[in-house]
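Below: the structure, in structure tokens.
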Amino acid sequence: MLLSKQNLMPLLNSLASDVDVFVPTTIDGVKKFARLADGVEPDFDMINTTMPPKDLLFPQTQKMYHFDVDKNGSYHIHEYDESREQIVFGIRPCDMRSIVCLDEVFLTKGFVDEFYANAREKLLTVSIGCTQAAETCFCTSMGVDPIYAPNADVMLQDTGDAYKVTAQTPKGEAAVSAWSEFLSDGDAEPVNCDVTLKVSMEGVVDKLEGMYDSPIWENLSIKCLNCGTCTYVCPTCHCFDISQENRKKDGVRFRCWDSCMFSEYTAMAGGHNPRPEKLERERNRFMHKLNFFERRYGMSLCVGCGRCVEKCPVALDITRLIDDIGSYEVAPASAE
Amino acid sequence: MSRIGVFLCYCGSNIAGTVDVEAVAEMARTLPGVVYVETNKYTCSDPGQEGVKNAIIEKGIDRVVVGPCSPRMHEPTWRKLLADTPVNPYMLEVANLREQCSWVHKDKAIATEKAKDLVKMAVAKVARLSPLHSTEIPVHKKALVIGGGIAGMQTALDIADAGFKVTIVERETSLGGKMVMLDKTFPTMDCSACICTPKMSEVGNHPNITVKSYSEVESVSGYIGNFEVTIREKAKYIDYTKCTGCGACETKCPSKVINEFEQGMSKRTAIYKMFPQAVPSKPVIDAEHCRMLQEGKCGVCAKVCPTGAINYQDEDKLTTETYGAIVFATGYKLIDWKPLYPEYGGGKYPDVITGLQFERLVNASGPTEGHILRPSDNKEPKSVVIIKCVGSRDPNKGKAYCSRACCMYSAKHAHQYLDKVPDGRCYVFYMDVRTPGKGYDEFYMNTVHDGAQYLRGRVSKIYKEGDKLICKGEDTLTSQQVTVAADMVVLETAMVPADGIDELAAKFTVGRDADGWLVEAHAKLRPVETNTAGIYLAGTAQGPKDIPDSVCQAGAAASKVIGLLNKDKLESNPQISRVNEALCQGDGACANICPYGAISIVEKQFRENSRKVTRPVAQVNPGLCQGCGACTVTCRAGAMDLMGYTNESIMREVDALCQW
Amino acid sequence: MSAQEIIRARAKELLESGEIATFIGWEAGRFTNQTTPLVITDAADAGKLVFNEYCANTLAKYVTDVLARGKVGLVVRGCDSRAIVRLINDKVIKREDVYLVGVGCPGMKDRKTDEPLKKCTECRHNNPLVFDEMAGENAEKAVPEDRFAEVKEVEAMTAAERTRYFESIYAKCIRCYACRDVCPCCTCRECFVDQRRENWVGKQNNVAENRFYGLTRVMHIGDRCIECGECERVCPMDLPLMKLNRKVIQDMNDLFGEFESGLVISAEPSVLTTYELTDREEFM
Amino acid sequence: MPVVENNANAIPEDWEPKIIAFCCHWCTYTGADLAGLNRMNYPANVRVLRIPCSGRMNPQYVIEALNKGCDGVLVCGCHPGDCHYVTGNYYARRRMMIFKRLLEYEGLEPGRFQVKWISGAEAGKFRDTVMKAVEDVRALGPINLTREIPYFELPAMPDDDEEAFNAVPEEVFPEEVNA
Amino acid sequence: MAIEISHGCAKGERPLIPQVCRVTEITQETPDVKSFRLVTLDGKKPFDCEPGQLGMFGLLSYGECMFVVSAQSDEWVQFTVKKVGLVTEQLHNLSVGDEVSLRGPYGNWWPTESCRGKDMLFIAGGIGLPPVRSFLLYCLEHREDYGRIDLVYSGSKYDDLVFKEQLFDIWPNEPDMHVHVSLYHEDPKHPEWKGDIGYTAPYLETLDLGPEDGNRVAVICGGPSLSRTCRESLLKAGFDEGNILTTLEMRMKCGVGKCGRCNMGGHFICLDGPIFSLAEIATMHSDV
């Protein structure tokens, strides 16, 4: 099936009349996914958004429940479910991979996070393969195919004048069947995307096992500012904090993004902090991305989108770290 | 949740007339942390207070909100009440339902709504307060008086007579200050020395008074009840335990130096007593001018001294003692008029003299033995011009203020001159004549009757013609130019703060006004206290005064000191700033801003991430801090917080109000 | 010798002689014309140091991180030196803690567009104000005519437009705190945003809370801001933060006399922690 | 979109301005008490929060008040020179001058944030200041700053002045809806 | 033979939504430690849990904290709370009848099964006793299943010792149970203290606990330095690291392993712990 590029906007407009459709766009100078509405121009040539699409599933501030007191002074808890049917249209394969990571975190191995689960269930993902890579893109090195996202409900691949449309899940098939008036039969070869930035993940995961106390972390972390930029623009970072706001005895409890780069993030009541210095925090972040997550879920928590490489104020670059780890000589197991 | 008790007051109908107190109580019951609400006809009455006490015990209340009149009225009452209960007296907030609600609004519905908000705010605040405890500060029963002029001596005598030890620090070699330089005092024309020197010897002989002459305050630390003061006693080169004050050395000393006491109108020796009746009545060596100390040759005084009291090896001595109270009686000096008034010759005419020089000229023990002779040629001046307000009431050249005593002493000078030179003419140029004092105006009128000619106006120029000083001015009453050819001109110059007061005040963090006078805590109600608790003012340190006023204020300061020293212990106000050392980075912004010098930066050792770290942190002196909270806003990190008005409690108070 | 060669040579000598324990400069990044801060302790690494027209980061704040190891050497341009002065005046470091290798700065460029960085076009002191030695000569750079031009632009808007303008800024803010963490004035041991007890600012990301952060940040640093423009440069959302900082600076200029912070080492209190009896009176 | 000018039409009928007044204990609070003793009458829209000194006035309290629901803020202290703590109001004067300009730069109307020196004797001035502030804010209407108070549909509390609360418009930008 | 610990966690259906509970009893254990018994609003036990499991106990308007269920019955659960921060400070202001929020249970539990038949050595310092007590109470309840029981407990001051009644009056009278209590220093406020003085680890070494035959399981809970030094003492005494258990519940925040704080290397304490053997912890990359 093909979707001609002329039909793209008509399709989007027709979709937007029923559900919220989120498209990559630039609002007030910020590239992000925004709800298609008057004045919102989708930009499918944008290589990638600055803000990742994760907040569709895991908003920066998410109300969980509110509570109030009845006339007898008794508390009642009222839950929120603000999830609704959403389509994210034009999500890149790297970001689709990040949703796999988030699915693992929020939906498997223990507790199911209901807020995420509700939103996830109602989200239709329409991925568009890349035709162009930014200099900071290194998805191929992280095992992501820039023109193909296996887990997208619907995959669109640029073939020049049209997109090749593939429904990949039952949800996707149902959706595509409803789009028939905009689609035409046919097949074409997707345009390739050349990702120039390559790093080798060969042996990195295993090597990291022995590098917990390596001086590499000191050298790396020293330039870190401890800001949360990398974690907030990262499509897979998912740390949060639970907090509340009150009005007399009533209040609302919400969770909001937090960053493992902030010094007070792991501070405990009473003052102890297991990760007091940026050395520990940087090490934890990169070990988590490249080793801990791999060990637990069998995949890297870095999808190679390059956002942190692009946005880090001090050019602290995960690709250089991966290179450094590759060339690092692990000291032979000490015989002392 | 805290256990807050809310006690609302009808205040008869004062509150209940415009506020539905029961509705407010109903609302208060729904507030978080409130476990008990009570209304009362008069909460402040004995039964009302008893009810609060009982409720606290019965309901296990740990914080109290009262809703009666202004906290400015009864806050101390409530605190006292709580002191008798398990509730800490500072776990209290007063909602001002009367002065700021029921009395200023007419509509009952609206006033009731406002009252509810005031209670909400109070509840929100009290929920975030923490218990505070006053600490007891011991009082060292000893006072320090800085300055040995009439004010300082009077203060010291009054304190000493009350039975407390006093130390007087005087930087000159003798007590006496300015008063002892004067010839007579208005309006009674007592001989100044005759009434001043007995005071001096009384001070010198008083068993409770230690006089440290030729000494200055080196440094100070501490706070009310506990000032640690280091005093530098300058080297006198004379062993006072041996010296009998016989004066043999003075007669033999070959160095002749300008005599400051005689206002430069005569010479003294390098080893000298300031004046014959000096107390202590023993000389010092002026090291700067002593040949032995400067050049190593001479030693005449040591040779003539019958008791071997001369010690050329003497050094400055530093002693540190703790005082409970300090009085500033640092006095004044006369403004240096020469650079300010070039039109008066700027000092190039020797016969243009100051009032103080005139005092010495007219004094029987002065350089002319009491004969009025003009300095240039020792002739008796037959015509004298007295110019008032030189430097005073002249914002362009000198000071904007009135020096207060000049009107009277210029009248005295005119009177003295006319008395001693019966054929002389005396002209007084004045702006106004201000004589508000007992017997003052009569004295002035007498002077006029004596023949002093008062001319209203300023002298605009003085120049020399032959041996006459031509004074040109305007008589503004007749709008005519006046020219007087005078033999001598007396400038009645402005009083300004004594030298070195700036440094001294900074050491004690006593405030100074724009003109440099020390600032009292309140112009009307606390005229002898300073803003630093335990430090008081006497005499002209605070501003220009004449002798009776200085003595009055000295007595007042003494009575404050006596009141303080009478206490064994002081209770500190616990609503003061507190440092969270974990947050403090020790940059000292708070210390700079503190008007009381209550904050110091100290190095302290901490354990951080299992390492020992030494870093600077702020430290609040509970004896000095008055609880203004200026430092808390300066501290960006929020390390400094004001107990009783913490950031947390104010933020929650704001929140509570926003939710009305 | 080029400035870069001098820097390398001096870093090597200083580290070898033991005069300093660490040296802070820049190294080349992965991408064309990219640089990134470099902290070295080993003289052998001095060859990695670079100095070119793309050294965007200021370096001074790293001193606080590495001071525990001993005296710190670093390259300073105008902005770095002012940041060092700021840290010294705020008593975070002492003058003798640092060895400053000054370098004239021609203004830095954006590596992607090759245009001068905004912060550099606004810079008034491109050459170091405090240094122990200079690597090469001072550089010539045009000094901007009016440092408050952008403030005046905003002031020219109506109140409603300004509300809209600043709220759109706060709507974009993601509160990553990069502006705080890069700022040489922000040296609190714990930032007010992390103080849960006072709960100054909620953790939720919305216009109101972000405004609280934004306004407080300006009030906290405004009277000490050295106008390095780093906050604006590092902002991942490209928020015009200097428009806020400069507003405060402009007003302090107008009200309390010409003001520029971080030019000289001094113990003078900052403008908002002092007063004059003669200050303008608007509240009678 | 927030509307500032000519929004008189947009003002709900039963809307009453909420104003918080931070008053120093020694002068203005005393003056306010005196106004009470003299039975002066002034609008009830102002609630006084007592602080020891205007030097204690942290600008952050103002932001909190404006953010959380007040339509106007008053800060009052002793006249310069009369500060009970000698210098507190001099610092406050500088800080508040800068802060007021900053708030107005961000679009806040001048009437919403006022600073006044009122002595303990100036009960009349206190009354006039309050009346003026209420008048000014009433003319300006509800505050035009975006507030995001998360209690959108909570049931009214029995004693709650819910209407006044609901009168605060919820201004939300489209991109926030998107976010 | 290392003790086998179950590393699955309880999976409640609504793991992030609390229920409202009521406080039925408050015990002041020390000046800054209180125990709270909670039941649901209809008077039932809030949740079933195994010894060592945790609950998120808090106040709706202040926040919540993770605590080990320090004791339980068929009707209630109990938490023991030391005043250390914002939330715990407010918890200490609770009175009987107040409503609180509670969610849980979380975490794995003490390996009561695989410890069956073993001698038990409980070591705790200060506020470390409540987590251990849940296991200790279980052992006492099933006394015949366990061998000799030793409790080594210490605190810096007499006032800091929690559960004094059980410590001094009840437990010492249990069959084959030996209670050893020490204070770190002489306590000037309690000069009458006749018990032992010393830090936990050296104190432990002075005790005669009988021969170490590999049939003893040690359970440690205390601050970082207590854990480290006691571990060394036990290893010196011949313990197998696999037989030393501890709980890392201090590191749990959201309780469900998602918020990102609780990882020790690849392990998430919320999901895999908080109870681990020291042998397991030794293999983790951990910041402590």
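As written, the chain order gives the labels A, B, C, D and E, with residue 1 at the start of each chain.
As a working rule, contacts are C-beta pairs under 8 Å (C-beta built on N, C-alpha and C of every residue); 3 or more make two chains touch, one makes a residue touch a chain.
As the structure is a prediction and not an experimental result, all values here were calculated from the model.
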How many steps does it take, at the fewest, to get from chain C to chain D if each step moves to a chain that touches the one before? 1
Pair with more cross-chain C-beta pairs in contact, given A-C and B-D: B-D
With chain centres set to the mean of the C-alpha atoms, which chain is at the far end from chain E? B
Just how far, in Å, is the C-alpha centre of chain E from the one of chain C? 49
How big is the gap, in whole Å, between where the Cα atoms of chain B centre and where those of chain C centre? 45
When centres are defined as mean Cα positions, the distance from chain D to chain E in whole Å is 50
Could you work out how far the Cα centre of chain A sits from that of chain E, in whole Å? 38
Chain B: positions in contact with at least two other chains: 30, 32, 582, 593, 634, 647, 651, 655, 659
Can you pull out the residues of chain A that are in contact with at least two other chains? 28, 60, 73, 241, 243, 245-249, 254, 258
Where in chain C do residues touch at least two different other chains? 168, 171-172, 190, 192, 197, 200, 204, 206, 273-274, 277
Which of the residues in chain A come into contact with chain C in the complex? 28-30, 50-51, 60-61, 135-136, 197, 219, 222-223, 225-229, 231-233, 241, 243, 245, 254, 256-259, 262-264, 278, 311, 313-317, 319-320
Residues of chain C touching chain D in the complex: 151, 154-155, 158-168, 171-172, 192, 200, 204, 206-209, 211-212, 215-216, 218-219, 222-223, 244, 247-248, 251-252, 255-256, 271-277, 279-284
For a test of understanding, state which residues of chain B touch chain D in their complex under the given definition. 23, 26-27, 30, 70-73, 96, 98-101, 103-107, 110-111, 113-114, 116-118, 121, 511, 519, 531, 575, 593, 595, 626-630, 632-634, 642, 645, 647, 650-651, 653-655, 657-660
Which part of chain B faces chain C closely enough to touch in the complex? 514, 582-589, 592-593, 616, 634, 636-639, 647-648, 651
Could you list, by residue number, the parts of chain B that touch chain E in their complex? 1-3, 32-33, 35, 60, 62
